[in-house]
């Protein structure tokens, strides 16, 4: 890593999320997109075109480079643990998309193997870097609303993923809710109880897959905080992403985002805004940029990455507990994970 | 006037505005609706039914009663000066709808004749009693936004009055804008200059009547305050009634009122409220009640009525000045009215 | 009951809620406040003053009157069943405040005794008559947002009741949440599962009473609908009463109510509204009036009262189930109540 | 101009506005920042550092380059006409900040000299590219609100420029209002009358300079449209930039922008947003990017630039007319400018 040169980055995955990272790396003054890795080499080549990056098909070609500074892992979930391990063993900083893995045992094994390794490792819970949610978290932490008592998270995707994706997703709790579970932990890190309920109200193939299309999760924090998460796999009016932090002295809320501030007034109604930003690529565009910048800064300054590997593990534990609660009808207690 | 009995009130006029006052008098604990006066006696009878009030056709029958405490004048404009004069000469408190008269000379003569008469006389500029505008006026007066610098009034009726009404109305400045001119004076009592412009953009019979359907008025206060009034005789989305007071330290605004707080979110748009309250009867329902209560209190306590006769005169002077400015293209200076 | 005379009403209870009803009865054209009943006769007398009503200490004096048309029961909870029974046995219409009783067995016995009795009996779940919530319910019922999938209710009181009240209240679920449970049933009448969690985060005497100060309840309807209720016994910014109905085609929400539409803009922040209406007396003033009117109309037209006795029973069953779930950590299934 | 290479751009001026353009040029895929020109060479060098651009002190060095494709003129106003002329005579596309010049005769002479010259020339009225205002303009043009009748523009700067700037600014009408006058023309291109009033309410050195600190302008369009512009040189709550288009069928409005969607609720007030974005650099960041992109596209496609030179001239004519009206108290008619 040279102090005078941008950090050389390899990006794994040329899909939807890889494209977001590619653009952001290209625009970041301290990052250089050097390699794009995808076994589907055409995808890598298309994305690399005009960026100066090299398109390669295998991770080996990347880790062989001595000047590799960081990897960003946006490839399929089942590659995450392996790529994290390789990056960490090479002392190469990594930013990995969630989830670490759908299999808790693999995640724990990976964590054990990383014990004591100081290489920067960040988990891609990008919503922590959303300026709206981050502002609330900072203001709550500063005591602006007194003691935090209740947190309300409403999070609805615009439309369900295709059937093939749903089947491989690990289910709504591990695929969709996990973002909100991490958001809950952003405000209330120590969750002690999980309740959840799920239903099927609109999507046949989700039901046939044995998954829910709509869920509600209630969490209790060790300080008595109550967190509710309301999820749906669809929303007629765009990506519905809201959060309210209620405390002893007041409340802070973050609303949805329309593309403009324009309001319409007519015989049929007044003050109507546009439909909200359609999905996470638009809604969290700034969050992805801020996340990348935090990653670059953590590498440069040597400070700990946040969120880190353990946050990925904890979110997965909560997602599993929610699934268990929804299946059994029982509140699930969360024990301390022994490292 | 008995301290233990409600004040006995005669209401002149059984039209739209008379009906508002009749209901409010009936509901007021310190007022008794004793007479309803209308030469169109059927109207008076219909309105009197079930109220205990007596329907009479002529003012004479009313002023002959020794126990008459107050009159509320909601009859046609050309009766106002005469009824005010009679009430004042009988020592009977009066609340008179705006305008006092369309003829400035008659108004001035009436004022001269009332010189020194202490009988309570209130002008029905009901919007001063609207809780939203009144709250802003009080907060501005308290210094909450520092020195008042600019006042923005937007005031649009839902639809133009019928042609017959327009022809007798005295024109948009004396009929519609006069409310806003008084509102301007509620915040900036001493207006020194008037500019106005009018156009015809949607209503043929208003144009044929030689009147404008849309106007803008700019006022300058003696302290350099700038007031803009934007009027239209129509509005597709309900009664548009807004006000913003801008000061050196901040701003206070009052928005329109929808019938409920309900918002709609769908594929076509988000956060849509209902159309606004349709017209002044709904929009200013609370203002009319508060106005009546202030009138009753002024009678009971012997304090000066506000707004009073002079406010009616000043508003008319400003309306005339606006008309002159719109016709001549010249700024009109407002001199001190010599009493 | 005379068709030409207002209905003669006896009001039980001269406390806070009795005072609301007394004012509304007095203002209602088809109701006459004839008796106010309170063993604390001074309270009854004070409230009766100036209304023409007779203050009496015992129910016997009221039910002895052959011209009694209706009773409104706003006396303590433990008097409700007895007064309902007496009214029904006299064929006198009744509007009873919630809850019917805290003891489910008494409620069931009362219901059994009323089997077949056609006398109008309305339960005082006044929030169903709130114009904002009622508008949403009607629009959802009309299909405006497609199939209802999720309902989010946030309901926070401004401050906890005094310790003595808390001890006799039956607990937060039966005292506070019961309104929201009925609201849930207003939208989703057939609830099949209840989950709840409670915590103590701010009020010692509530904790010492073995009660919760903050709870979250999740309900599942027979159609797969998910309802979340978030309650707190306090709120720094006024009575927090919100509802969102989310459906397959969109969403309808109702927000909180500030006393005016005024917004403040300054160096410290922008668009700031006033604190919300402080508590239910202000927030639900219109709901109480509408409720009373619906009661009068049901009596006049002979149509069934809604909400009725069974709604009171169902809400209590849900409150009990929520309590059980919060205590055991298990989801409670709601069986069909056998009449 | 090569089709395969980004357009080579020279930027005149390294001040505040030059810095905005420099960043945006660097980020634009079809533009290359080749030269930064400033007689204050240190400024040019600082801005050029790390961009690959060459810092030069004189325009001669730039126009000598055969591969110069475009210039962006962000230097002082008195250099504009000369730089425009040189660019046009070299066939080099130009984007010039407003105003063209403060002297109408110079502007007219410049226009005459450009007669028939097809080289792209864009005027930097960046607000036309603001996504909020542009969306409204497009929706009005599409007929969404019927015929446009009234346009309300409120535009307040956060704080007055320093005295030295004020003295050279040409006055509030030509310096600040000119943006709003062009915005008026964006909606109502053909303005036929101008009224204006100005006052001094808060800033001594502006008054001493013979300028106003607060003005109101009313414009009339050839179709009877009424436009009001309210300006102040200060605003306690950030850059106040709003617009409302009122038509026969409804209204479209664009509000101010806070940095986040966060709202605060507490004992002192509810729904409070953050102070608005402080000034034009933040508020119009996206507008500047869109403007630059439109400029690049106009060059590439050979389509006419909009806004163009004539828009700059018309805005200046309106600013002069407003000044004249404010000084004389007379409405000023706008004649057709003869080319």
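In this document, chain identifiers A, B, C and D correspond to the written order of the chains, with residue numbering beginning at 1 in each.
We take it that a contact is a pair of C-beta atoms (placed from the backbone, for glycine too) under 8 Å apart; a residue touches a chain by one contact, two chains touch by 3 or more.
All values derive from a computational prediction rather than experimental measurement.
Novice: Which pair wins on C-beta contacts, C-D or A-C?
Specialist: Most C-beta pairs in contact, of the two: A-C.
Novice: Taking each chain's centre as the mean of its CA atoms, which one is most distant from subunit A?
Specialist: Centre of mass proxy via C-alpha means gives B as farthest from subunit A.
Novice: Using mean C-alpha positions as chain centres, tell me how far subunit B is from subunit D in Å, no decimals.
Specialist: Here subunit B and subunit D have centroids separated by 42 Å.
Novice: Where the centres are mean C-alpha positions, what is the separation of subunit C from subunit D, in Å?
Specialist: So the centre of subunit C lies 58 Å away from the centre of subunit D.
Novice: Where the CA atoms of subunit A average out and where those of subunit C average out, how many Å apart are those spots?
Specialist: Distance between chain centres: 42 Å.
Novice: Out of subunit C, which residues touch more than one other chain, so two or more?
Specialist: 145, 236-237, 249-251, 256, 264-267
Novice: Taking the touch rule as given, give the residues of subunit B at its contact with subunit C in the complex, in rising order.
Specialist: 27, 29, 50, 131-132, 135-136, 139, 144-145, 249-257, 259-267
Novice: Flag every residue of subunit B that touches subunit A in the complex, lowest number first.
Specialist: 236-238, 256, 258, 264-276
Novice: Any idea which subunit C residues touch subunit A in the complex?
Specialist: 145-147, 149-150, 152, 154, 156, 193, 195, 197, 199-202, 214-216, 218, 220, 223-226, 228, 230, 232, 234-237, 240, 246-251, 329-331
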